[in-house]
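Can you read through this structure? Questions will come right after.
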Amino acid sequence: MFKPLGDRVVIELLETEEKTASGIVLPDTAKEKPQEGKVVAVGNGRVLDSGERVPVEVKVGDRIIFSKYSGTEVKYEGKEYLILRESDILAVVE
Amino acid sequence: MFKPLGDRVVIELLETEEKTASGIVLPDTAKEKPQEGKVVAVGNGRVLDSGERVPVEVKVGDRIIFSKYSGTEVKYEGKEYLILRESDILAVVE
Amino acid sequence: MFKPLGDRVVIELLETEEKTASGIVLPDTAKEKPQEGKVVAVGNGRVLDSGERVPVEVKVGDRIIFSKYSGTEVKYEGKEYLILRESDILAVVE
Amino acid sequence: MFKPLGDRVVIELLETEEKTASGIVLPDTAKEKPQEGKVVAVGNGRVLDSGERVPVEVKVGDRIIFSKYSGTEVKYEGKEYLILRESDILAVVE
Amino acid sequence: MFKPLGDRVVIELLETEEKTASGIVLPDTAKEKPQEGKVVAVGNGRVLDSGERVPVEVKVGDRIIFSKYSGTEVKYEGKEYLILRESDILAVVE
Amino acid sequence: MFKPLGDRVVIELLETEEKTASGIVLPDTAKEKPQEGKVVAVGNGRVLDSGERVPVEVKVGDRIIFSKYSGTEVKYEGKEYLILRESDILAVVE
Amino acid sequence: MFKPLGDRVVIELLETEEKTASGIVLPDTAKEKPQEGKVVAVGNGRVLDSGERVPVEVKVGDRIIFSKYSGTEVKYEGKEYLILRESDILAVVE
């Protein structure tokens, strides 16, 4: 697999159907459409001006909602992944 | 439910009628229209350059006024939510 | 009433006639017209990178001059208010 | 009078004739024309990220040169004033 | 060879065929196409406001994915290199 | 004379002939033409976020090269001066 | 000669022929063409918010690669120089 740098995370895209497994339905009309994904790799976090490194708030396995159109798509062994910055993640589905 | 990241909060939208329950009436002509919502989930707060995490100033149950057009809409089990950053919240209705 | 967040303040708008109560007359030709208001609620202040919270420099009851076109208008129980950031306040009338 | 906030100062405008009292003549062709004023009120200074407040470098009575088109004009009891930020002040005439 | 400054790294470009050695296939349609490279030189890292220098998260020999269109191309003894900033590196292939 | 604020300096313009006294010739074709001046007054320096004031790196009498089109022109007792920020000064001629 | 300010360096331009002395060949098609130069003077370095001054990473005599179109050209005693900021230097040729 691959290890993202800094505050980046790698996620598997989850198809956002009319009604997803976790029960989230995304409105068609949202200007900035959120999407769902599952975290598969997490970076070491960003470094503050104080020199401290802040761990990323999500962990491998978390289902997350992120802003559509954010991140970079990568294919690896036939599967599609997205590399996001932590700041593009809106929430963790519990 | 879902847990927002950083200084984000999840709110339920409150219909802003001519006269709302809390008595706030929003002018039609305001260029940047505020709206009302009820906080249903709160993130852990943003991290300062000093490494300190600042708790969000609102708590679950608070009625808030926020800037229209801010945040990202999400539907969950048929209900509509909005994920906002703390900086998009103008005031708490007391 | 409502409590503003961070370094925001809530003010009542004061009609700026040709000659106001406090004697301030605003020139017609000013590109960035200032206006007068009375502070009715004050936030807890902004948080510095050091973690310190800086109290807002104005207090409830102060008559202030602020930059026109700044802030967000809100109506509450028939009265019109403006929510400003401290940085939009130019001076306190003494 | 009025007390400016933060690093703002209030000045009285000085007519910049061909040859002013202090002997400064401003060129007609300068793209960013400076102007002269007399300081009548000074704010408490801006707050650094360290929490320290930096006193404004000018004091009441100082004759200053500032960048034209900066600041906000205010009339008070028939007199015209300008509210500037300290960073708009170029120099003190000695 | 050459030593990059600050948080820069020098990489050899790896041809991203339909299926690369490490098994990563890049989608044709990605707006911001990532690419693969091998790190051949690493700078000393960027200096924080605290004065601390943060070592670069990759090391010589690492296979990395970076954002296409980032960096500056340089040819040295017939070979093509790319000088990137650490922030343009998305992930390390493990 | 006048005392510049913060990290500003006041300079006398030096005519940049084909060959100046110090032997610097400025190319006609330079997009961002540098110019020469002599420092006649120096501010106290800028204040860092730590509260420390950084003395300006040039002193009265220094011949400096600065970026053309930077600064503000001022005339004082018939002489033309330029008020620059330290960051507009490229080098000191030795 | 002249002493550059802050994190600036003065370099002599090196003609980048098809094949330079150090063996670097620059591609014709690079959008942001790098170039070679030899460092002839180095500033004292930039000052961090902590008050610390960071020495420039290059020294007099270093052959460097820098981004084309950066810096300011100066002629001195018939020779052409370029004044760059440290951040415009990509790498040192070893």
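Should a chain be cited, it is by its letter among A, B, C, D, E, F and G, assigned in written order, with residues numbered from 1 in that chain.
The definition used in the following text is that a residue touches a chain if its C-beta (ideal position, glycine included) is under 8 Å from a C-beta of that chain, and two chains touch if they have at least 3 such contacts.
Which protein is which chain? UniProt says A, B, C, D, E, F, G = Co-chaperonin GroES.
Predicted model, so just to flag it, every value in this text is computed and none were measured.
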Inquiry  = Centroid from C-alpha atoms only, then distance subunit E to subunit G, rounded to Å. What do you get?
reply    = 22
Query = Between subunit C and subunit E, what is the separation of their C-alpha centroids in Å?
reply = 50
Inquiry  = If a residue has to touch 2 or more other chains to count, which residues of subunit A qualify?
reply    = 48-50
Query = How is the touch graph of the chains shaped: line, ring, star, complete or other?
reply = ring
Ask   = Which chains make up the ring, in order, starting at subunit E and heading to subunit G first?
value = E, G, F, D, C, B, A
Remark   = As the complex stands, subunit C meets subunit B at residues 1-6, 8, 10, 41, 44, 47-51, 72-78, 80, 83
Query = For subunit E, which residues are in contact with subunit A within the complex?
reply = 23-27, 30, 32, 34, 48-50, 52, 54, 57-58, 65, 67, 86-87, 89-94
